[in-house]
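Each chain carries a letter (A, B, C, D, E, F, G and H) given by its place in the written order, and its residues are counted from 1.
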Amino acid sequence: MNADKLKTLLEDIRCGRTTVDEGMALLKGLSYLDLGCAKLDTHRELRVGYPEVIFCPGKTTEQVKIIFQAMLERNSNILATRAGEALFKEIRQICPEAVYYPLAGTITVSKTRMETPDSYIAVVTAGTSDLPVAEEAAVTAELFGNRVERIVDVGVAGVHRLFDKLDVIRGAKVIVVAAGMEGALPSLVGGLVDKPVIAVPTSVGYGASFKGLAALLSMLNSCAGGVCVVNIDNGFGAGYMASMINKLR
Amino acid sequence: MNADKLKTLLEDIRCGRTTVDEGMALLKGLSYLDLGCAKLDTHRELRVGYPEVIFCPGKTTEQVKIIFQAMLERNSNILATRAGEALFKEIRQICPEAVYYPLAGTITVSKTRMETPDSYIAVVTAGTSDLPVAEEAAVTAELFGNRVERIVDVGVAGVHRLFDKLDVIRGAKVIVVAAGMEGALPSLVGGLVDKPVIAVPTSVGYGASFKGLAALLSMLNSCAGGVCVVNIDNGFGAGYMASMINKLR
Amino acid sequence: MNADKLKTLLEDIRCGRTTVDEGMALLKGLSYLDLGCAKLDTHRELRVGYPEVIFCPGKTTEQVKIIFQAMLERNSNILATRAGEALFKEIRQICPEAVYYPLAGTITVSKTRMETPDSYIAVVTAGTSDLPVAEEAAVTAELFGNRVERIVDVGVAGVHRLFDKLDVIRGAKVIVVAAGMEGALPSLVGGLVDKPVIAVPTSVGYGASFKGLAALLSMLNSCAGGVCVVNIDNGFGAGYMASMINKLR
Amino acid sequence: MNADKLKTLLEDIRCGRTTVDEGMALLKGLSYLDLGCAKLDTHRELRVGYPEVIFCPGKTTEQVKIIFQAMLERNSNILATRAGEALFKEIRQICPEAVYYPLAGTITVSKTRMETPDSYIAVVTAGTSDLPVAEEAAVTAELFGNRVERIVDVGVAGVHRLFDKLDVIRGAKVIVVAAGMEGALPSLVGGLVDKPVIAVPTSVGYGASFKGLAALLSMLNSCAGGVCVVNIDNGFGAGYMASMINKLR
Amino acid sequence: MNADKLKTLLEDIRCGRTTVDEGMALLKGLSYLDLGCAKLDTHRELRVGYPEVIFCPGKTTEQVKIIFQAMLERNSNILATRAGEALFKEIRQICPEAVYYPLAGTITVSKTRMETPDSYIAVVTAGTSDLPVAEEAAVTAELFGNRVERIVDVGVAGVHRLFDKLDVIRGAKVIVVAAGMEGALPSLVGGLVDKPVIAVPTSVGYGASFKGLAALLSMLNSCAGGVCVVNIDNGFGAGYMASMINKLR
Amino acid sequence: MNADKLKTLLEDIRCGRTTVDEGMALLKGLSYLDLGCAKLDTHRELRVGYPEVIFCPGKTTEQVKIIFQAMLERNSNILATRAGEALFKEIRQICPEAVYYPLAGTITVSKTRMETPDSYIAVVTAGTSDLPVAEEAAVTAELFGNRVERIVDVGVAGVHRLFDKLDVIRGAKVIVVAAGMEGALPSLVGGLVDKPVIAVPTSVGYGASFKGLAALLSMLNSCAGGVCVVNIDNGFGAGYMASMINKLR
Amino acid sequence: MNADKLKTLLEDIRCGRTTVDEGMALLKGLSYLDLGCAKLDTHRELRVGYPEVIFCPGKTTEQVKIIFQAMLERNSNILATRAGEALFKEIRQICPEAVYYPLAGTITVSKTRMETPDSYIAVVTAGTSDLPVAEEAAVTAELFGNRVERIVDVGVAGVHRLFDKLDVIRGAKVIVVAAGMEGALPSLVGGLVDKPVIAVPTSVGYGASFKGLAALLSMLNSCAGGVCVVNIDNGFGAGYMASMINKLR
Amino acid sequence: MNADKLKTLLEDIRCGRTTVDEGMALLKGLSYLDLGCAKLDTHRELRVGYPEVIFCPGKTTEQVKIIFQAMLERNSNILATRAGEALFKEIRQICPEAVYYPLAGTITVSKTRMETPDSYIAVVTAGTSDLPVAEEAAVTAELFGNRVERIVDVGVAGVHRLFDKLDVIRGAKVIVVAAGMEGALPSLVGGLVDKPVIAVPTSVGYGASFKGLAALLSMLNSCAGGVCVVNIDNGFGAGYMASMINKLR
């Protein structure tokens, strides 16, 4: 909105050509809740379609509880990622209906079931050690109201396992692929399907994997089209992106 | 397909319970054209929905021409990326209808107009210097049958330029954001819209931009959800991914 | 401005309790000029106190000229950085009063002399090879209306040269120090003065200088207080920051 | 001071044309206190305006106590950074008036209130997890006699939170911005204000944040002017620099 | 197999020109065992000559036990790498004949003695600290049915120790060389023998060894021919590769 | 040979118990030819089975010619790598039978046909742009007396092309796989064959390929066994290693 | 020794023209002691002038004890670096005269006082936190028979402390300078003295110090001549090198 | 010199207890020549024993000539490094006695023969391609009055070439070793001699040599004692350091 348009709008309001409510709609009231240690973005669900998510590392238990409490009071669905079991025990004190996924390290509270499309998301892992990251993606997508199909341990070292599951992968609307070490699986999947592939490098590996850097670079350089990448171990980000795509019409 | 199922299938064929054509469908005949220096993946369009794309660097002019010729004979749409003007002049000799986009460095041949959805793709650039990468994305998406809206030079240093264009960005089904230097724009856009954002780091910058590394890392660490990343300067990959998402139903 | 305040404001306008002009002031009309390949941030000078600056690399000559022309028409002071001599010759066609600083690679047009404070900026270089970067800083600061004292070639290998110039350095309100190779000079200066030091690593060096990375890391790890850092070879950024500090009251 | 000038000075002293005190002033007696494991720079406050600061990591508790004791005896204000609670308990034994800031990990002793200017410093954090670094900056600036305004959790993922606080940010004389992950906030702030911005990358993040490297590179490549950068997690350095600028006249 | 050939094959089966078994052989029944958290590649031994190997890090104890159990039921030889003593104690509960090599951190179960060639593998270490990695290689090769000669602590700092052992090294069919720090030993060995050298960089070292990066780069840049490299600390990979070569005819 | 053994040997020679020739054999006369700018390792063929190879970069044309001349006089087979066409023209002046492979950038002189085993080497490339590196490997292996089968452009983006060529790959005794970009092909091949795979990362790619680093890391982290790696673009090293393995009995 | 010379030597021995002892001297009997897990280089003192040194990390306590025992039996001076207090307690069981330097983490046994030159070594540290590394250098040099002068905490942030100690630094024959953070001190010292400076980067610092990388790069890029560098935290290497230079005549 | 001592000195001068000349000696008149673009450190030879050296990259031809002219007028020996042939032609105009070493890229002017010790410096290269760097070292050392023995092309791939030259290497007082690729030669030499070794990594290599980084890291991690390192390709630094050591008494 440039200056001229704004002036016109305000004059329209003054003259009654535009109601205050219409002005509100145009200027979109952005709001948040100030918690001292954090500003809860209460407008977020309206703006981007999802509630705020609590990234736990670097926050004290006290801070996480304050944010949790504020969201509970607003009756939000809640997703807290990278939470240890000890933190969960504290949260359960103030929120008995909180659920903990130990493999994913995720706490969720589901107040309202989000609308679920017919299509589903495939979450594929190259190896068993990639499961924590993949589960973070799957739990995120499920909380946001998506059906998820999990395909486990189909890495390129035994590629027939992948081909055997190709139908369920091809049937998805969007595919999340988590892989560590050389991170080759997303390229392979990308060359076999006609659906968007969200690649999640994991920090599984050692030595020259450099905590997931090898997989990350591999995925960024995918020779197959239709592959995009999120941060190392960012299961949440992959699940969120997949949910967004799965809900597109 | 595991061993048991395969055996059953073959026995069904032998017994006539399954026709050869049905077997074909199940075993999916994958095919290609051997050009000596390359194997043209003629099955690709069937499999992933798009024709093969010619990535020109590292190929001799002769090799590019051989591949081009083979695709022309198959009446394919053609997309050649990272092509210089000299290469284009050679190609025009064998294909007068080829079109060159100098800013994007892209050659296209459009034999059949691909089906175009009603929704559109927004291609956003942080600065004027990011235009070549953004144009590669836009030209790719257009060749693949998408409507593209370009939003130029709305980087975070003058954020009101972005807000003024927010409506056209929010109206898209999927958003490509190309940015160099600190690569902050995709995070900002991701926090303002409820659509998938494909972030393309560009190598625009100097010093500690390390040829786009700064922007790449910035985008991978986006604190906003719904942002995924392709390789540095990979306009093609972003346009391809965006097309794939835009065509989802 | 949160939703409540906004509603009150709009209602005040509607009721005449607030004039449209007062609303304008509060909502601050942000504006720009759309040039097709760029959006000239005409509001910028009002907002941050300086006109937009043209970073030339990655822009075509045509694009730079369009932006130049638009700024000329608005009678702005102009600063174009990283410009080669060939580009300057093109610019001089459309703007005979443009001045070129070959060492700094900078084009300037000075339409209105900016207000100049009494205090001055010291621009210090470790070696002769750091001069281009230092000159970019000095020319920037001068165009923005600052007095600059240049102190050349006083690197740590012959530290008595620095001590001999300490008075003029200490007399400045803010100090820019450009150094390549090991980048030790800002730490040394930082330990000797009670003024802010803006360190500019330069890409001068070879081998394990990694194009300025060594100097950059050195400066970021300065054991002296009061040292902050800009990007490698970013003379413009240092001059801009120094100007901003020098004009503080 | 070159050789000739020095000879003249000494001859002037010999001849009585210059008094010994004047010579002293010119040659500036630099001094320190030798503690065995450290040399306390007692001249520092005179030279650069601030007392020495104790960086605790890598020092034994015994060594920190020796330095503390020596500073106490000289009645200095004391600032010890990166101190754990256990170390603080030891220090309190020898200095009951020492104060500990657990979030910042800082121990301070305030013997003389430093002169406080009217202007203030804004300390801005992108997220709750950046608070420890931001607090180190704030505590440092306050000990050095500055008024500090804290603005918490206004990162780019919910940019309206920032706009709501823009007035208090714009009112500051100098702004410290601490951000992890993609580190985009300083660029955004830099594009909105006409005051120097000191960007502090934090190690908040995971994966390709590489312990703050992503945020660091992002900030160094800021497309907005007036942004300079200190080391990752260097809240102290940012607070020190901000204090230096805030006290400029 | 392209589409035409496949069609012909299926028609041949239908007509009885090819038996189902022959079709099986051509289409090679690939199979695996689904364990929920993993897909045991039971076809692997047939396909690449070796059973699957359990890489323990990132797997829960429960998951390792499930995989172990499944392999025991199939009477496979088992190799589990990077296993701690605690994990071994759990495994011994379900498999009393499991053997633990504490230096190598390896658990093995030997059900069937693999065929052993006459030739042997030399496993050479630069220093005593490289032994764990070298032992992982040796234990792997021995389980796979190879004779191994160990040559310990013959690094380049005392090169006569190497020359004294040159006969046993030259007598091998393939040589594994494990070295940390500067990783020079494989180059030296490569220049002295006419056998393939498999270089294993180890993470032994400190500072600019960057956890084995220095040795890795050194080995990749070997000026001697006949040297190839596996991942840092990847003793298993080196032993596996050496076994594969040693068994070639 | 330790001190005692040496003393015994020398005394045996003195006493006539050992002949001088036997002593020679034991002490292995190592020799070379001093060319001023280089020391031609004439003993090399005896020691490691292959003649010395001329790596051209960094050598002046004059120096290459001197080494060439010396090898010609000794009637050696000659292999010069990374040679441009201009250098070849100079060489042809002094050696008309020299052959140039422009794709590989290799000059060879074949004086004596080396013994050729029945088994063959497969040289596999992921894409057309990887051909120069693959050809360097193939030409090297052929000059050293090996049969080579080339399999071109079978990268993971169209994996059916690989499966169609699996027979010829599986039939080889050792396999060289050259791949750029994400470098996934060696892992895939390694999971499908029971032969040693020598992976050659190529610098094909852009952006976050970092001139082959992505492919290199990918290959080092291969989840498939039996894969080892040589330097980026090191076709020669791969061909040399493959030859060494192919000739093992 | 080339083949011809060797043949002549052996024939001379056979003919009695050369005695066996002379042959021994020429062929230099190299020897070592095989301890199973290590080969003690007993010839080393003869060859390079210093006994072997035990680098403890990565060795089991048992292995260190075996090596210690073997050296004790040979009556060697012993130097074990990077030893923790627990290890020392084990060593003292088998060697009561062993001495532990807790700051340096070094165990020494001094059997024979090595010859001490008149000249001395200066060991300079930038800060108190650099003391452990500096002490490793000093203890090493002293055990090897050198006089050491320690100059502590004279970093560039308070450069007058350095100038006050310049006489003792200039009086040394060789200077070791240990510094972390930005690592500027060796450059400064190198520009002030005419003696060789051995720079030791330390891992003191945080953030963009990257565990000593910043200091390392800084020192490698020193603009002052006469500065060479050892590995990060390699106090031993610096002390060894300094001893070697101090003992030159 | 601390404050008290300084005061005493000045009072002594005033009272005549100390002469002005004695004061001069104590306060050491540091001086330089201001050339505008550079400050010629004329005091340097007195202070560190060597004249200033001109590092040409990044300086304009005009600037180099100004510095050259000033040194000629002071009758200094001159050393200009990294000079191209074109620059030399310009210099020869103003200084006909200048000598150019094309391999080293060095210009020298020898006005006064520096004192030459009896001992010599060995300059060793791993390969022919390392000669330019080694020559820079040798020319530097010779200009500074040292005897140099060159040992060329004795890298670890053919280690007998090194052993044949061990006598001349062992006879030197200090040894410079230049090596690219894996940089193993300094470690090997360091394990064979009892003299200081100055290792110079060169940028010879490709791929994962990363322009000399592999060799640099290798040398920094040398397992042999008595090895220190200078910057990549820094032949000058190595020759300077070697000269300094060779001239020690």
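Keep this in mind: a residue touches a chain if its C-beta (ideal position, glycine included) is under 8 Å from a C-beta of that chain, and two chains touch if they have at least 3 such contacts.
Keep in mind that what you see is a predicted model, and the values were worked out from it rather than measured.
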### Any chain in contact with chain E as well as chain H
F, G
#### Entry: Pair from B-F, E-H or C-D with over half of its contact pairs in common with G-H
C-D
### Query
Approximately how many whole Å separate the CA-defined centres of chain A and chain C?
39
#### Entry: Between chain A and chain B, centroid-to-centroid distance (C-alpha), Å
24
### Message
Please tell me the distance, in whole Å, between the geometric centres of chain B and chain G computed from their C-alpha atoms.
### Response
57
### Query
Residues of chain A touching 2+ other chains?
2, 30-32, 127, 157-158, 163-164, 190-192, 207-209, 213, 216, 220-222, 224-225, 231-232
### Summary
Per the touch criterion, the pairs are A-B, A-C, A-D, A-E, A-F, B-C, B-D, B-E, B-F, C-D, C-G, C-H, D-G, D-H, E-F, E-G, E-H, F-G, F-H, G-H
### Summary
So, in the complex, the side of chain G touching chain C is made of residues 126-127, 155-159, 181-184, 187-188, 190-192, 205, 207-210, 213-215, 217-225
## Note on the structure
Given the complex, residues on chain H that touch chain F span 127-132, 152-154, 157-158, 160-161, 163-164, 180, 204, 206-209
### Task
Quick one: which bits of chain A touch chain D in the complex? Just the residue numbers, please.
30-32, 36-39, 41, 43-44, 52, 55, 57-59, 63, 67, 82, 201, 203, 211-213, 216, 231-234
### Query
So in the complex, which bits of chain F are touching chain E?
1-2, 47-50, 53, 163-164, 173-174, 190-196, 198, 216, 220-222, 224-232, 236-238, 240-241, 244-245, 248-249
### Query
So in the complex, which bits of chain E are touching chain B?
2-4, 6-7, 10-11, 13-14, 16, 20, 23-24, 27, 29-32
